[in-house]
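You will see two complexes here that share subunit A, one where it goes with subunit B and one where it goes with subunit C.
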Partner chain A sequence: MFLKVASSIAIVVCCTLLGMHMAFRYKQRIYNIRVLQSILANLETEIVYYSTFLSQAIRNSIKALDGDWKTFFAEVADILENKKEYSLTEAWAKSLNKIQKSPYIGKVELDIMYRFGLQLGSSDRQNQQKYFKIVQQQLKTEEENARQLHLRYGKMYRSLGLLLGLGIAIILF
Partner chain B sequence: MITPQIKFTYLHSDRFNTGLFLYKNGYNQSFTVIDILYKKKGRVYMIQRIENNQINTLKPILDALPDNLKRIVLSINSTILEGLEEIRIRQNRPIMVYSRGRDYFLCTDGKIVSHHPSNAYIATREDIKRILELISNYSIYAFEEELRNGYITLQGGYRVGISGKVVLGKEGIITFQHITSFNIRIARQIIDVANKVLPFIIDNGQVLHTLILSPPQQGKTTLLRDLSRQLSDGFPGFRGVKVGIVDERSEIAGCFQGIPQNDVGVRTDILDGCPKALGIIMLIRSMSPNVIITDEIGKPEDVIAIEDALNAGIKIITTAHSSGLEDARQRPILKSLLDKKVFQRILVLGNSLGTGTLEKVYDGINERIILNRPIR
Partner chain C sequence: MEETKVNIDIIFKIAAIGILVAVVNHVLIRAGRDEIAMLTTLTGVVIVLLMVVNLINDLFNSVRSIFRLY
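Presenting the complex of A and B:
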C-alpha cells in the first residue's frame, strides 16, 4: 500500500517536472532573446561610439551576462583572435552551429543573427548603426512572438504534466 | 635562410607565438612560429622554424595575408625578401613584388620571375576580401578616416595603400565602393642619416628654425625621422630636447594605434593623422615641445600655425616640395615665409651624389650660402 502511494507520488512528481521543463523552454527562450538584445545594444555602443576592434568589442559586450548567446559571442571572439584563417562569416556560422542545438534558442533568432553576421564590421559606423536598429527591431518582434507562445503553451504544458502524472497514477493503481 | 621544415609530432602549447617549446625528446629551443601547417587535436604536426630576422620584422605583413598567400610569400628567395619594398595585390591580376628597385611576378609555387609567367598567382576576389578583413582587424568601421585617405597602417608602421572605386560625397571621398587593389609598403627606417645634417641646424646648443626643400623621393621623411630621433634622444655634445611631431599622413612615425612604430626618440610626442595647423596649436598648448617637426607645409593655415609656434619660442623643422631656393620663391606660400625670414636655415636636398644628397645650406636671415658643395 505504502509502495503504491509512494510510486504514485513519484510518477506525478516526475510528469509534473517534465511538464514544467517543457514550459521552462518557452520562458528561457524569452530570457535568451532579452540577453541577446542587451549584448547587441552593448556591441552597438562599442562599435558606433568607441570604434573598438570587433573581437574586443564583442568581449566587452558580453561581460556580466550569461546564456547560450554569451557562449556564441565568446566563441566568435575566440576564433577571430586566435584562428585567423577563418573569415568573419565562417567564424559566425561555426559558432551558430554550436548553439543551434540548444532547446532555449529558436530558429527565427538564429536566422536573424545569421543575416546580421553577414555584414557586421564591414561598413562604416553610420551603416553599422542602421543594421543594429534593424536587428533590434526584428528581435523585438520575435520576443513578442515568443511571449505569446509562452502564454499559450507554458501553462498548458505544466497542467498537462500534472494531469498526465495523475492519470498514469490512477490507471496503474 | 629559412631552415627546412621540421617535423614535430608533439608540442605542449596550444598558443603559437614566439616562445619556448618542449620537444618530445626533451630539447628546449625558442623560435617564432610563422605558420602552422597541420594541426590535429591541439598538437602541431608541422611547423616552420624561422631563424631569419627579416621574417620576424615582416611578421605584421604576413599576418595581413591569408594563409595561401602567406605560404607563397614565405617561399620567396631570401635575397629578394631582404630587399623587399612593396607587395602589390590586384584583383584578377598577377601578384607582384618590388625589391631593390626591380619588380617581379609571383608564381603559384613561390618562385619569382621578371616576365609574366603562365603560372603567375592571380589574386582572387576572396583574397582581396580576406586581406581587407585582416588589415582592418574585422573592423572596417574603425578605419573610416584611414579609408578616406586611401591607406591603413599596420603594426610595425607598414602602410597598406588601397585603391578601387570610390564613393564621392559633398565633402570629398566618403568611402570605397569596391576595393580591388592593395599596395603593401615596406618602409625601413634608416638610422643616422641625419648625422651630416645636424651640425648645420644646431648653433650653440640651440636648434635653429629649419626649412628643408626637396624634390620627391629624396628621403625627406627618412631625414625628418632621424632628426627627430637624434634631437629627442640627444647625442654627445647635445642634450635631448622635447620634440613634438604633427604627423598628418602617418609617415614620419608610422603610428599603429597611436604608438610610433619607428624610433623617433624618447622625448617625442606624436599627433598622428592630425592636420598640421590644428596639430601645431594643440602641441603648443598641451605638450610644451622645444621643437616641432612636421612634413610638407603648403597651406595658408600652416603658415599661421608656424608663426604661432615661433611666437611661443618653439623651434620649427619642416619640409616643402621644391627643387631649390629659386623654385621655392615662385610659390606664394613659401615666398611669404621666406620673405618674413622665418627660417634660420634652409636646406636643399637633391640627387647629385645619389638619393638624399645635401646640396646646399643657406642662412635664412641674411641669405648667405653656408654650404655650396653637395655632401652625402
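Presenting the complex of A and C:
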C-alpha cells in the first residue's frame, strides 16, 4: 500500500515537472528573442558608428548578456578568429546549425537570422543599417507572437501536466 | 463480500477518470485545441470501457443464465 501511494506521488510529481518544463520553453523563448534584439542593437552601433572588426564587434556586443544567442554569437566570433578559411556566411550557417536543436529557440528566429547572415557585411553602412532595422522589426513581431503563444499554451501545458499525472496514477492505482 | 468491495472500488475509479477527463477537456478547449480535446474524451471513454468490459460480460452471462437462453 505504501509503495503504491509513493509511486503514484512520484508519477504525479514527474508529470507536473514535465508540464512545467514545456511551459517554461515558451517563456524562455521570449527571453531569448529579447536578448537577441539587444545583441543586434549593440552590434548595429559597433558596426555603423565604431566600424570595429566583426569578431571584435560581436565580442563587445554580447558582453553583458546571456542565453542561447550569446553562445551562437560567441561561436561565430570564435570561428572568425581561429579558422581563417571560413567566410562569415559559412561561420554563420555553421553556428546556426549548432544552435538549431535548442528547445528555447523558434524556427522563425532561426530563419530570420539565417537570412540576416547572408546580408551582414555585404554592403555599405547605410544599407547595413537598413538590414538591422528590418531584422529588429521582424524580431519584434516574432516576440509578440511568442508572447501570445505563451499566454495561450503556457497555462495549458502546466495544468495538463498535473492532470495527466493524476490520470495515470488513477488508472494504475 | 469481496465481490461488492471490488465493484465499489471500480466505480470510484471510473468517477475519478470522468472528472479528470472533463477538466482536461475544459482546459484544452480553453486553449483552442478542440481536436485534441475530442481525442482525450474518446481516450477516456475507451479506457473506462476496457475497465468495465469484464463486468458487462458478467452481466450478460447472468442474464443468460437467469432466462435460460443458452
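One rule holds in what follows: the second predicted complex is superposed on the first by the 173 of 173 C-alpha atoms of A that agree within 3 Å, B and C clash if a C-alpha of one lies under 4 Å from a C-alpha of the other, contacts with A are read in each partner's own complex, and residues count from 1 in each chain.
Operating definition for what follows: a residue touches a chain if its C-beta (ideal position, glycine included) is under 8 Å from a C-beta of that chain, and two chains touch if they have at least 3 such contacts.
Predicted model, so just to flag it, every value in this text is computed and none were measured.
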item: First (subunit B), second (subunit C), both or neither touched by A:S51; value: first
item: Touched partner set for A:R152, first subunit B, second subunit C, both or neither; value: second
item: Contacts of A:Q128 with subunit B and subunit C, given as first, second, both or neither; value: first
item: Touched partner set for A:N97, first subunit B, second subunit C, both or neither; value: neither
item: Partner chain in contact with A:Q137 - subunit B first, subunit C second, else both or neither; value: neither
item: First (subunit B), second (subunit C), both or neither touched by A:S7; value: neither
item: Partner chain in contact with A:S87 - subunit B first, subunit C second, else both or neither; value: first
item: Subunit C-contacting residues of subunit A that also contact subunit B; value: none
item: Of all residues in subunit A, those that touch subunit C in their complex; value: 152-153, 155-156, 159-160, 163-164, 166-167, 170-171, 173
item: For the subunit C and subunit A complex, residues of the former touching the latter; value: 13, 16-17, 20-21, 23-24, 27-28, 30-33, 47
item: Sites on subunit B touched by subunit A in the complex; value: 15, 63, 66-67, 129-130, 133-134, 136-142, 144, 174-175
item: Footprint of subunit B on subunit A - complex, ascending; value: 47-48, 51-55, 57, 80, 82, 84-85, 87-88, 121-125, 128
